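First up is the structure itself, then whatever we jot down about it.
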Amino acid sequence: MKKQYFKQNHGDPAPLSCEIEIAARFSELDPMNIVWHGNYAVYFELGRLALGKKYGMGYTDFYNNGVIIPLKQIHFDYFKSLEFEKTYKLQTLLYWNEAARLDFEFSIYNENKEQMTSGYSVQLMVDKNLGILVNKPPFFEELCKKWKNGTLRQAENK
Amino acid sequence: MKKQYFKQNHGDPAPLSCEIEIAARFSELDPMNIVWHGNYAVYFELGRLALGKKYGMGYTDFYNNGVIIPLKQIHFDYFKSLEFEKTYKLQTLLYWNEAARLDFEFSIYNENKEQMTSGYSVQLMVDKNLGILVNKPPFFEELCKKWKNGTLRQAENK
Amino acid sequence: MKKQYFKQNHGDPAPLSCEIEIAARFSELDPMNIVWHGNYAVYFELGRLALGKKYGMGYTDFYNNGVIIPLKQIHFDYFKSLEFEKTYKLQTLLYWNEAARLDFEFSIYNENKEQMTSGYSVQLMVDKNLGILVNKPPFFEELCKKWKNGTLRQAENK
Amino acid sequence: MKKQYFKQNHGDPAPLSCEIEIAARFSELDPMNIVWHGNYAVYFELGRLALGKKYGMGYTDFYNNGVIIPLKQIHFDYFKSLEFEKTYKLQTLLYWNEAARLDFEFSIYNENKEQMTSGYSVQLMVDKNLGILVNKPPFFEELCKKWKNGTLRQAENK
C-alpha cells in the first residue's frame, strides 16, 4: 500500500529512521484551507534535519567538514491534504547507499495512522568549490561504518 | 539529454506549451546564495498558471466550473542552481491525457539555453465535495476537442 | 530599554501573555545565514495563535463565531539576527482594548535573555461580509469580562 | 489621506522613486483567498531592489563595496486586501538621510489608484564584521552627491 522509493539490498544495514511531529502553520495554508503543496518541502527538510541531528549528520556537520549536500532530486506523492490545527507524524528514513549520496524517504501520517503524503529526496555531496565527491567524506564514512556494524548511536544532545 | 517524463502517444495532439521568464527573488535564496530547492514549486506553479491563462484552463477557470485541481504528484530534478539577479526561461508543457487529469512537464533554462531544472506535476480533478472526477468536466472537454482537432486558440485577454 | 508599543491604562486588566519556543527553519534563512526579515511575520503569528489557543480566542474561535480578524497593522524592530540551530523564546502579550480590535505585542529573546526582536500587530474584527465590527462579538465580550474580573482561565486542551 | 512616514526636510533633495507592477502569486494567498499579510515583505523588497537597480544602489552594489544593509525596522499598514489575478502598482520612495541609513516608503495601488497598503522600512549599513557604519560608504556617498545636486541618473542596464 505504502509507496516505497528505495530498497534495502542484501547486505545493507536497515535504514536509519526518525519520527517528528509536524503541524501546519496558518501561513502555509492555501485558499482551499489546506497546506499549499509546495510547503511540504519544508516538512521533508525538517525530517532530514531531525535525522541528521539525531545521528550527527546534519547540514552543519557536513558543512563543518567542508561538504555541502545540495538536493539533486525531490518527489512528492499527495494522498490526503494536511489541515490546520491538526498534528501529524513525519517519518524519515535514510537508506544505505555505497555512493556519496543521501537517499531519504518520507511519510506523513495523521493521528489514525493514515498515510497522507509520501516522497523521497536525493542529495549529492560537493566540496566548497562545488566539485562532486565520488567518495564519502571521512567523518561520514566513519558514521557509515558504525551504521553498518550496528554501533551507530544517537548523537549526544548539543 | 533532457529528461522526459510523459510522452506523446500515437494519435495524441502535441503538448500545449508556454514559456515565461522567471527571476529569483531575494527571499527565495538560501544560505548557499542559491534558490532554496522548495521554492521551485512556486516557479512550476507560475508556469502552470501562465499556460492555464493562455488557453483558458487556469485554476479559476476550473473553479468557476465547480472543479478543483489538487496536486497528486510533483517531482523536481535539479541540475544547476538558480542564482540571484539572473533571469531564466521556464518552459511548461501540458501533455494530452484521455483521463481527467493534468500532466505538466517543466524545464528551466538559463540565458545560454543550459537546462537548470526539470520536473513534472500531476493534478486530479475533484468536485467541490472532493469527489474525484472520472470524466473531464464539460468546459474542459470542449477545450480538449479543440486541442485535438487543432483549433484551440489562445484565450482572449481578460 | 525594551520598546513598548501599547500601554496598560488605569483600570485595564494586565495583558494576557503567552511564551513559546521558536527555532529558525533552514528554509527561513537568507544568504547572510540569518532569518530573512519577512519571516518574522510567521513567528509573530505563531505567538498570536498560541495565545489564542491558550485563552480560546484563536482564528478558528473567531471564525466559528462568524468573525474574521484581518491584520490592520504590523511592525517589526530588529535588534539582533536570529540564527540557525538556536532556540529562542517568543513572548506574546495581548493588551486590553475597549474597542473591537486586538493589540498584540511581541518580543523574541535568546537563551541569555537578550532581546533580539520586538514588534506589534493590530487586528480589526470584520463579519463575513467584510463589514467592520464596532462592538466585540458576544463570545469575545464574554471572554473579556472574565479577563477584566480576573476569572479568565486557560482553555481546556482540544 | 495617504500615510507619510518620512518627510523631506528643507534642503533635502526629493526622494528617489520607482514604480513596479506586482501580482499576487497563488502560493502567497491565505485561506481568506487574499495575500497573507506576511508576504507583503516580499513585495516591499521587490520595490527596494527595483529602486536599487535603477540607481545602482542594490543589495549587490552595497555588498560588492563591503557593506551589508540589514533591516532595522519595517512597518505595514493594510487598508484593502490584495487579490489573486489582479495587478497592482508598487511605488517605492527613498528619502534623503544624512546618516548611513536607508529610509524607504512604500505604497501599493490598485488599477483604480486606490491605496491598498502602505509602509516603510529602515536599513542600517554594516561592514562585513557587522560593525555599524557611521558614515556612508564612498560609492554611496558619491551617488548621494549626485542625488543632491540633481545629476543622479538611472543606472545603465546590466
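Each chain gets a letter, A, B, C and D, in the order it is written, and its residues are counted from 1.
Basically, contacts are C-beta pairs under 8 Å (C-beta built on N, C-alpha and C of every residue); 3 or more make two chains touch, one makes a residue touch a chain.
Source: prediction; values computed, not measured.
Remark: among chain pairs B-D and A-B, A-B carries the greater number of C-beta contacts.
Using the mean of the Cα atoms as each chain's centre, the chain most removed from chain A is D.
With each centre defined as the average position of its C-alpha atoms, the distance from chain A to chain D rounds to 38 Å. Mean C-alpha positions place chain B and chain D at a centre distance of 32 Å.
If each chain is reduced to the centroid of its CA atoms, chain A and chain B end up 27 Å from each other. Multi-chain contact residues of chain C (touching two or more other chains): 26-27, 32, 38, 41-42, 45, 84. Note for the complex: chain D touches chain C at residues 32, 37-39, 41-42, 45, 68, 70-78, 81. Against chain A, the residues of chain D that register as touching in their complex are 26-27, 29-33, 36, 38, 84.
Residue ranges on chain A touching chain C, taken from their complex, read 25-27, 41-42, 45-46, 49, 59-60, 84-85.
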